[in-house]
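Okay, so subunit A shows up in both of these, paired with subunit B first and subunit C after.
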Partner chain A sequence: MKLGVFVSDYTITVDTLDRLKAEKLGIILVANGVYHATIKENGKTSPLLDKTPNLYVLSEDLQTRGIAESDVDKRVKVVNYGDVVDLIFNEYEKTAWL
Partner chain B sequence: MGDVKLAFVVQRPQYKGETSRLAITHAIAYQTVEILLEDGDTVTPTLCFIGEGVLGLQKGQKAMDTYGITSTETHLKNALLVDLDVLVCKEDLEKYGIPEDSIPDAEEMGADKTIRVVPFSEIQKAIEDAKHVLFF
Partner chain C sequence: MATLTIGVFPGLVGNMAYDFALKLAAAAVDKGHKVSIWFSGNATGSVKANQKHLKDYSTGEKHLKALLEKGVEMCTCEACTVARGIQKPEGIEGIQWNAMHWYLAKIHGADRVLHIGGE
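Entry: the complex of A and B
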């Protein structure tokens, strides 16, 4: 199964993500989930970024919070709303919200 | 009654929920409360940001452009304009790697007050001094 997971909070149980089995996992960071792409807590990047190479962050939610795209971890692709729609329809069979 | 101190403590990030925003608007509303008080009675609120509450305080927020709502940045500037004490936990900014100079001020709007980045001990004192402590 190709699974796209929306993460909309900064505090998250990575364990939950580990229990989701997918042959292709995508993580789409939205709302306060965008901090996973930008914050280095105690100097370390979010463990979420190690879960899959398919990482996306919503540009509008970065702009809302005053975060520059240059602050986004290099592993994460910055996408807009239109791109997210394309991801849902073209890349993933199922989506989940954490 | 004298002076009643209030502490509004924001411990969650902005935007996803309403609660952290309400802390700022409630704190600003202290001015309207004063018309209901007897002479000599005052209310002094302090707005504190700790933990994940320090996320979402950066300059340059575009919430009006993207969501059509007033940004946290603008709310903070309004708080400074009404001379609210706004404290941000220094240790938590460091924990999340957020530079102090990314925190906005309201100098261009004529505010004398600035947001103060302080050790948690100072925020703890504000909490201890307050008659009512409200966590958001």
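Entry: the complex of A and C
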């Protein structure tokens, strides 16, 4: 199963993701979840970014928070709403919302 | 063209997940897909008509009407809605009222489903 997980909050830790088994896992960071792509704590990036190479962050939610794309971790691809639609239909057959 | 069903459970005003759902629906329709939205829980407050659209306030009615015009099919959970004191005549014209089986049928028939939980 190809699973696209929307992470909409910064306080979400990885243990939920650890329970999800997917042939292909994509993490799509939206709303306050975008902070996972930019914030470091004690010099370390979010452990979410180690879960899969398929990482995306919603550009509109970066902009509303005053975060520049240059501040985004290089592993994370910046996408817009249209791209998210394409991800849902073309890359991931199932979705989850955290 | 494919079909997307979105279940929206979080509250309306100021809720980022609710805002996200409507913007995603608009983006999907703009790309030629067919979208249906189910409202349940606190999201059902958004089907009440005559909402005042304040500039910096997230609001449903204006966006819901725009989505209706784009052909998005929308339905609110009748039980959840009347439980919140909203009666059918007070609803936004064009939004259906039904029970959970409407949502289940849409899920069953859709190519993709996104269920956004409530608070």
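Criterion: the second predicted complex is superposed on the first by the 98 of 98 C-alpha atoms of A that agree within 3 Å, B and C clash if a C-alpha of one lies under 4 Å from a C-alpha of the other, contacts with A are read in each partner's own complex, and residues count from 1 in each chain.
In this text, a contact is a pair of C-beta atoms (placed from the backbone, for glycine too) under 8 Å apart; a residue touches a chain by one contact, two chains touch by 3 or more.
All of these numbers come straight from a predicted model, not from anything done at the bench.
When both complexes are overlaid on chain A, the residue A:Thr95 reaches subunit C alone and has no touch with subunit B.
When both complexes are overlaid on chain A, the residue A:Gly43 reaches subunit B alone and has no touch with subunit C. Once chain A of one complex is fitted onto chain A of the other, the partner contacts of A:Asn32 extend to both subunit B and subunit C. Once chain A of one complex is fitted onto chain A of the other, the partner contacts of A:Glu60 extend to both subunit B and subunit C.
In the superposed pair of complexes, A:Asp86 makes contact with subunit C only, with no contact to subunit B.
Residue contacts after overlaying the shared chain place A:Tyr10 against subunit B, while subunit C stays out of touching range. Annotation: subunit A residues 8, 31-32, 60-61 touch subunit B in one complex and subunit C in the other.
By the touch criterion given at the top, residues 8-11, 31-32, 35, 39-43, 60-61, 63-68 of subunit A touch subunit B in their complex. Subunit A meets subunit C in the complex at residues 6, 8, 30-32, 60-61, 80-82, 84-86, 88-89, 93-95, 97. Residue ranges on subunit B touching subunit A, taken from their complex, read 13-16, 52, 55-56, 58-63, 65-67, 71, 73, 95-98, 102. Residues 2, 4, 16-17, 20, 23-24, 26-28, 30-31, 33, 111-117 of subunit C touch subunit A in their complex.
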